[in-house]
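Given below, in the form of C-alpha cells, are the structures.
Two complexes, one shared chain (chain A), two partners (chain B, chain C).
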Partner chain A sequence: MTPNEISYSHILPEVVLSVFGMLIMLAEPMLGERASRKPLGYLAFFGTLAAGAATLYQAQYPGFAFWHMVHVDAFSTFFHLLVIGVAAVVILSSLDYVEEETVHAGEYYGLVLLGAVGMCLMSSAVELVLIFVALEISSIATYVLTGIRRKNAAGAESALKYFLLGSFATAFFLFGVAMMYGATGSTDIPNIALTLAKGSIPGLVYVGMALMFVGLGFKIASAPFHVWTPDVYEGAPAPIVGFMSTAPKAAVFAVMLRIILQTGAPGWLYLIWGSAALSMTLGNLGALLQTNVKRMLAYSSIAQAGYILVAFTAAPQEATSAVMFYMLCYAAMNVGAFAVITFYSGKDERRVHLEDFAGLGATNPLLALTLTIFLLSLIGIPLTGGFLAKFYVFQVALKANMVWLTIIGVLNSAVAAYYYLRLVVAMYMKPAPEGAVRVAAPLPMKIALLAAAALTLYLGIVPTGVLSYTTEAAAQLLTAPAVKVVTGQ
Partner chain B sequence: MVPISYYLGLSAALFICGIAGFLLKRNIITIFMSIELMLNAVNLSFVAFAAQLHNLAGQVFVFFVMVVAAAEAAVGLAIIIAVYRTRNTLNVDQVDLLKL
Partner chain C sequence: MTANLHLWLIPLLPLLGAAINGAFGKRFSRQLVSAVGLAGSGAAFLYALWIASQYSALATAMPIVDKTLGTWIKAGTFQADFAFQLDQLSFVMLLIVTGVGFLIHVYSVGYMWEESGYYRFFCYLNLFLFFMLTLILAANYLLMFIGWEGVGLASYLLIGFYFTKDSAANAGKKAFIVNRIGDFGFLIALFLLIQHFGTLDFTLLADKIVPLGSEAGWGLLSSIGVLLMVGAAGKSAQIPLYVWLPDAMEGPTPVSALIHAATMVTAGVYMVSRSHVIFDRAPQALLVVAVIGCATAFFAATIGICQTDIKKVLAYSTVSQLGYMFLGCGAAAYSAGVFHLMTHAFFKGLLFLAAGSVIHSLGGEQDMRRMGGLRKEIPWTFWTMTAGTFAIAGFPFFAGYYSKDMILWKVSQHNPILFGFGLLTAFITSFYMFRLWFMTFFGERATAEAGHGHHDQAPAAHGHDDHGHDGHGHGHAGGHAHESGWLMLFPLVVLAILSVIGGWMVGGGEGFAKFLSPVFSVGLAADPTEVAGGMSEGFVSALATVAFLLGLGLAWFLYVRRKNIPAQIAQNLGGIYSAVLNKYWVDEIYATVIVNPMMAISRTVLWQGIDRKVIDATLDDAAAGANQLSGEVRKMQSGNIRSYAAWVAAGAVLVVGYMMWMGAAR
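Let's turn to the complex of A and B:
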C-alpha cells in the first residue's frame, strides 16, 4: 500500500463512529415525544463496539495513508481503543442519566461519538493541519456537551468558561504551529524532524514549541493552564466530566508524544519539568480544600496530569511506554469514579458533596466498593493499576536523573492520600443520613462500573501483557520511517 | 518587497491586542471578538511565511483555520445565548455562579 492514496481502512474507526453519530441524530426525531431515549443509547454503544472492531481490523494494515496525513501503528491503535472504550463506558453510564435530566438524547449520544472521532484522529495524525482539525472536532463537541443542560445556569456558565478559555488556548497552539511552519517550511511531522535533524535550530522553533505547549497544556489541564478545570467539571454533567477528563486528555498526550518525540525538537524539557511540578502541587493542594466531590476530582485530575507529565522527562522510549500505561490506568479509574457519581448524584445532581456520601457502604455496597477501588487506585495503593502506573513513571524519571521532580511527585502522592481517603472514610465509617436512597444500580451501569473496576485491578495485578504492548508501541513510534514529502509549489 | 519581519511584527502586535482584549474586556461578545483577532493574527503569519517560503501549505492552513473559526463561532454564540437566557447579563464579572 503506497502512502499517497486514499485508504479508508486507515480511518475506518473514525468512519464508523461518524456514521453512527449521524444515524443517532437522524433517528431521534423518529422516536415519539414521550418515548424512552434508551434505544439511542444502545445504538451508540453498538457504534463503539463496531468502532472497536474496526480498530482491530485496521491494526493489521499499519503505515501511512492520505498523503502522509495519518499513520496507523500500535501506538495509534492503543489510543483508539482507549478513547473508544471510554466512550462505551460513558454511554452505558449515561443511559439513565439522560432520561432523568431531559437533555436532548440525540445530540448527547451523537456528540459523544463525533467527539470520539476527533480524539481517535488525533492519535493517528502525523500532520499539524490534521492534528489541529482533529483537536477542534474533539473540543467543539465537548464544549457543546458541557453545556447540554442549557436550562441549568451552572451548566451554561461552565460551557461558556470552557469555550472561551479553550478557544484562547487554540489560538496559542495555532500561533505555535505558524512559528514551527515558518522555521521548518513544513507542517508534516516527519518532514519537520528531517529539517531539524539536518542543521542548526532556528530560534523560531523554541517559540513555536513553547506556544504549542501552552495550547496543549490547556487541553490536558496542566498548571499553570488549569484554572478552568474545577469550574467546568463542577458545572458539566457528571458522565461528560468522566468523558472529557479522560478521552481528550489521552488524545492530547498522544499528540504531545508525537510532536515532542518524533520531531526531536529541543527546548521543551524545562517547560514540562515546571509544568509537572506545578500541576502536582497545585492540584493536590487545591483538592484538599474541596467538599464538592466533582470539584475535588477536578483538582485530582490536574494532579494526575502532572504525574503523566513527569514521564515525559524520561528517555523517549520509556517515556512513551510509561505515559501510555499511566493513561490507561487513569482512564479506567477516573471514568469509573465519575460513573459512580453519575448514578449516585441523582436528578439535577443533588448529591455531590462529601457529606452526601456518608454511609454509602451500608446503603449501596456495590457503588461504595467500586468507588473505593477507583479511589485507592488514584492514591496509588498496591494491587491497583494506579500504583504500578505511578511506580513506573517515577522509576523511569529517576533513571533519567530527574531526582527533584520525583521527590516532588512522591511527596504529592502522600498529600493526595488524605483527600481521597476522606471520601472512603465518609462512605464506610459515617452513619447514613436520614432518608438515604437505596436504589440498586441498573444493569448497564453495573456493567460499566464492573468493567472499569476489573480493568483497574487487572492492570495492577497482571500488567505484563499491557506493558509489553506499550513497550512495543513505543519502539514503533520512535522508529517510524521519516519520509520526505514533496509539497506543492 | 516588504520584508517578512514587518508582517511578523504586525501579526505579533495583533495577537497581543487580542490577548489584551481577552484579559481586560468584560463583555462576552468583545472577548469573543478578541479571540477572532488572535486567530486572524495567526493567519497573517501563515500567509507571510507561505509567501516567503514559496510553499502553499501555509495558505492551505489558513483555510482550515477560517473554517474551524466559523464552526467555533456558531457554537460559541449558541453558548452565549444560553448564558444570557439563564443569567440576563453579558458581563463576565456577573457570570460567577461557580466560584473560581
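Let's turn to the complex of A and C:
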C-alpha cells in the first residue's frame, strides 16, 4: 500500500463510529414518543465494540495513507482504544441517566460517537490541518454535549462559555499552524521534523509552537488556560464530564506528543515546566476546600493534567511512554469516578455535594467501594494504576534532572490526598442522612464501574504488558519514517 | 530445604482473614469473627515459628529470596518483582510482628467485645498485618513501599475507628497527611536510587553501592540517606513530623499498642537499618539521623512529664523511645537500634495493653489525676505494668536496660553531646514512667469531681454511640474498678515475661548484634567518627542505672512523699511549664505557618474570579422559568466569561513572549 492513496482501512474505526453515530440519529425518530431510548444506547455501545474491533484489525496494517496525512502505528492504536474504551464506559453509564434527564438520546449517543471520531483521528493524523479538523470535530461535539440538557440553565450557560472560550483557544492553534507553515513550508509533521533537524531554525517556529501550545493547553485544562474548567464541568452532565475530562484530553496529549516530541521542536521545555508546576499547584489548592464533588474533580483534573505535563520534561522516549501510561490510568479512574457520580447524583443531579455522599459505604457498598478505588488511585496509593503512573512520571522526570519539578509534583500529590480523602471519609465515616437512597445500580452501570475499577487495579498490579506496549509505541513514534512528501504533484 | 519457603504466604494469611471478615463479617457471630481474625494472625505466627524451628538449616542460605509471584513492573531496564526476602533482620521483625500481633489480636477479642463494628475492627487489624508483613519481607524498596503506604492506610482506618467522634476522624486524617509528607522524601530517594543505580532490589543495590567509598562531604548517598530519613521521620514520628502520633491515640487501645507502639511506627527504624549500606557510606546522613533521634528522644520525653492522659504519656514516651532507636542507628549501631525496637515492642506493647486494662477497668477513664490506689483492685494489671515500667525505665537486667545501654554505649563512642542528652533522657524517662506508675496505682483514688481542667474534650454523646474517651467503657468511672478477663490478661502476662527476660534471652546487646551481623556486616565501611578508647560498657551501664534510680527517686518524692510540690513547681516555672504542658505549641505553630496559609491561598484561588459561583447565583434566578436563555446569557456575559477570556489571553501573551524570547536567545 503506498502512502499516497485513499485507504479506508487506515481510518476504519472513524468510519465505523461515524456510521453508527448517523444510524443512531436516524433511528431515534423511528422510536415511539414514549418508548425507552435504551436501544439507542445499546446500539451506540455496539458501535464502540465494532470500532474497537476495527482498530485491532487496522493495527495489522501500519503505515501512512491519504497522502501522508494519516499514520497508523502502535501509538495511534493505543489512543484509539483508549478513546473508544472511554466512550463505551460513558455510554453504559449513561443509559439510565439519559432516560431520567429527558435529553434527546439520539443526539446524545450520536455526538458521543462523532466526538470520538474526532478524537481518534487526532491520534492518527500527522498533518496539522487534519489535526485541526479533527480537533474541531471533537470540540464541537463536546460543546453540544455540555449543553445537551437544554432545559437546564446551568448546562446551557456552561455550554456557551465552553464554546466561546474554546473557539477562542482553537483560533490560537490555527494561527500557530499557519506560523509553522510559514516557518517550515510544510504542515506535515514528518516534514517539519526533517526541516527542523537540518538546523537553522527560523524564529517563527517558536511563535508557532507557542500559539499551538495555547490552543492545546486550553483543551487539556492546564494552567494558565484552566479557568473555564470548574464552571463547565459543574454545568455539564456528569457522564459527559467523565467523557470530556478523559477522551479529548488523551487525544490532545497524543497531538502534543506528536507536535512537541516527534518534530523535535526546540524551546518549549521550561514552558511545559511552568505550566506543569502551575497546573499541579493551582489545581490542588483549588480543590482543597471544594464541597461540590464535580467542581472538586474539575480542579483535580487540572492537577492531573499537570502531572502528565511533568512527563514531557523527560527524555523523549520515556516521556512518551509515561504520558501514555498515565493517560490510560487517569482515563480509567476518572471516567470511573464520574460514572459513580452520574448514577448517584440522580435526577437533575441533586446529589453532588460532599455531604450528599455521607454514609454511601453503608447504603450503596458497590458504589462506595468502586469510588474508593478510583479515589485511592487518584491519590496514588500503591497497587493502583494511579500510583505507578505517578511513580513512572516522576521517576523519568528526575532521571532527566528535573529535580525541582519532581519535588513540586511529589509534594503536590501529598497535599492532594487531603481532598480526595474527604470524600472517602464522608462515604465511610459519616452516618447516612435520613431517607438515603438505596438503589442498586443497574447491570450496565455495574459493568461500566467494574470494568473501570478492574483496569485501575490491573494497571497497578500487572502493568508490565501495558508498559512494554507503551515503550514500543514510543519507540515507533520517535523513529517514525520521515518520508519527504512530494507536494504539489 | 531452602528450595522454596513460600514466604509470600505469610502476608497472604492475614489478608485472607481480612477479606473473609470484610466480606462476610457483618453476618458472622462475634465468635466466628474472632476465630477468623485470630486464625489469620495466628497462622502467620505459626509460620514464623516454623521458620524459627528450621533456623539453623536456613541461616547459611540467608538472605533467601522468594520470587514465586513473579515480576511486578518491567519498564525498559528497570524491573521490580513481587519478591520476598528472609534474612536475620527480617526474621527478627517477622517474629516481633506476628508474635506481638497475635497477642494483641487475642487481647482485642476481650477489649473490643462490646463494640459495634467488631468485625470491621478485625478486618482492619488483619489488613494491617498483611501490609506490615509485606513491608518487612519485601526484597526491594518498591514492594516495601506498598507495605509502607498500606500500613498508613490501615492505621488511618483504625485511628478513625470511632468515627462518630470528630476528633478521631480528624486524627486519622492528620496521621495520613503527615505520613504523606514523609513519603515525599522516601519517594524522591527511590527516584534517585533508580536514576543512579537502576534498581530498587536490596541485593543488587548493595552490590552497586558497596564498592563506593565513604562520602567525605555532602554527596548523592548523603542526599538519599537524608531523604530516606524524612520518610522514616514521618512513619516513625520523629521531629519534625511526630505530631500525628499523640493524636493517633484516639484509636482503640489495642491499636495504639500494636500499630502506634510495637510495630508500624518502628518501620522507619527498620527501613533505615535495611538501608545501612547507604548510611554506612554517608556519615553526614548518619549524623542527621542521630541528631534527629536524639532531639526527638529528649524533646518528647520532656512533654511526657506534664501529660495527664495515661495514653498520651505513653504516646510521647513512644516518640521518645523511637528517638533512641534512631540515635542508635545514627551511631551506625543498627543492631542496637533494632534491639531496642524489639524490647520496646515487648514493654511498650505491654504498657499500652496494661493501660488499656486500667482504662477498661475504670469504664473509660484515661485521666491519671482521677486514678490512684489501683494496685489492690487490679493486681494482675498492676504487676504486669510494673514489669513494663521497670523495663522501660532501665531497671538492671530487664529488657530495656540491655537495649538502652547498648545504644548509649555506642553513642558515647561517637559524640559526647548526643550521649549526654541520651543519658539525660534516660533519667526523664524513668521519672515520667514512675510518675505514671505512682499516680495510677498508689495513693488514694481521686473522685471524679477532683479532676479539673480536663484538657481533652469531654466524652460527647453522639446519638447511639455514647462512648467514653477511648470510645470505650460503660460509664461507671466513680465505681469499683474490676480486673479484666483472662483474654486480656494472658497477653499481658506473656509480654511482661518478655519485658523482663527479653534482653537477657537473646544474650544482651552483644549476642543480638552477633546474630544480626550477617546482615549489617555486608559492606561495612570503616567509621571515621568512632572515637577509640571511649567509655567502657560497664561504666555506661552504671551511669544509666544511676539515671534510672534518680528518676525513680524523684518521682517517688514528688508523687508519693510530697504531693503538693508538683503544683508549686508548676506555678513557679510559669512560662516554661505552660510551654511543656502545651507541647511547645508545635501543633499551633504548624497550623499558623503551614496549614492556614495554604487554606488561605486555596480560598483566594477559589475567589479570584475563578470560582465565584456565578452559576449557583444564576441558577436561583433560572428557577422562575427555564427558557430564559437569552436572559441568562446576558447575565453571564456580564459575569466572568470576559475575565476568563482575559486569563486565556494573558496566558497566551506570556507563552508567546517566552517562546519569542527563547527564539531570540537561541
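Just so it is clear, the second predicted complex is superposed on the first by the 488 of 489 C-alpha atoms of A that agree within 3 Å, B and C clash if a C-alpha of one lies under 4 Å from a C-alpha of the other, contacts with A are read in each partner's own complex, and residues count from 1 in each chain.
The rule is short, and it goes like this: a residue touches a chain if its C-beta (ideal position, glycine included) is under 8 Å from a C-beta of that chain, and two chains touch if they have at least 3 such contacts.
Since the model is a prediction, treat every value here as computed from it, not as a measurement.
Peer 1: With both complexes overlaid on chain A, does A:350 touch chain B (first), chain C (second), both or neither?
Peer 2: Once the two structures are laid over each other on A, A:350 reaches no partner at all.
Peer 1: Between chain B and chain C, whom does A:418 touch in the aligned arrangement: first, second, both, or neither?
Peer 2: The answer is second: A:418 touches chain C but not chain B.
Peer 1: Who wins on chain A residues touched, chain B or chain C?
Peer 2: C
Peer 1: Give one of first, second, both or neither to describe whether A:391 is in contact with chain B, with chain C, with both, or with none.
Peer 2: second
Peer 1: For A:151, select first, second, both or neither according to whether it touches chain B, chain C, the two together, or no partner.
Peer 2: both
Peer 1: Which of the two partners, first being chain B and second being chain C, lies in contact with A:160: first, second, both, or neither?
Peer 2: So A:160 meets both chain B and chain C here.
Peer 1: Regarding the shared-chain residue A:206, is it in contact with chain B (first), chain C (second), both, or neither?
Peer 2: The second partner, chain C, only.
Peer 1: Which chain A residues are contacted by chain C in one complex and by chain B in the other?
Peer 2: In chain A, positions 151-154, 156-158, 160-161, 164, 168, 227, 230-231, 234-235 sit in both the chain B and chain C interfaces.
Peer 1: Taking the complex as given, what residues does chain A use to touch chain C?
Peer 2: Touch residues, chain A against chain C: 151-154, 156-158, 160-161, 164-165, 168-169, 172, 201, 203, 205-207, 209-211, 213-214, 217-218, 223-225, 227-228, 230-231, 234-235, 266-268, 270-271, 282, 285-286, 288-290, 295, 318, 321, 381-383, 387-388, 391-392, 394-395, 398-399, 406-407, 410-411, 413-415, 417-418, 421, 425, 428-431, 461-464, 467-468, 471.
Peer 1: Which residues, counting only chain B, touch chain A once they are in their complex?
Peer 2: 8, 15, 18, 22, 28, 31-32, 35, 38-39, 41-42, 45-46, 49, 52-58, 60-61, 64-65, 68, 71-72, 75-76, 78-80, 82-83, 85-87, 95, 97-100
Peer 1: Going by the contact rule set out above, which residues of chain C touch chain A in the complex?
Peer 2: Listed in rising order, the residues of chain C that touch chain A are 71-76, 142, 145-146, 149-150, 153, 160, 163-164, 169, 173, 176-177, 180-181, 183-184, 187-188, 190-192, 194-195, 463, 598-599, 601-603, 605-606, 609-611, 614-615, 618-619, 622, 626-629, 632-633, 636, 640-641, 643-645, 647-648, 650-652, 654-656, 658-660, 662-664, 666.
Peer 1: Which bits of chain A are touching chain B when the two form their complex?
Peer 2: It comes out as residues 128-129, 132-133, 136, 140, 143-144, 147, 150-154, 156-161, 163-164, 167-168, 170-171, 174-175, 177-179, 181-182, 185-187, 227, 230-231, 234-235, 487-489.
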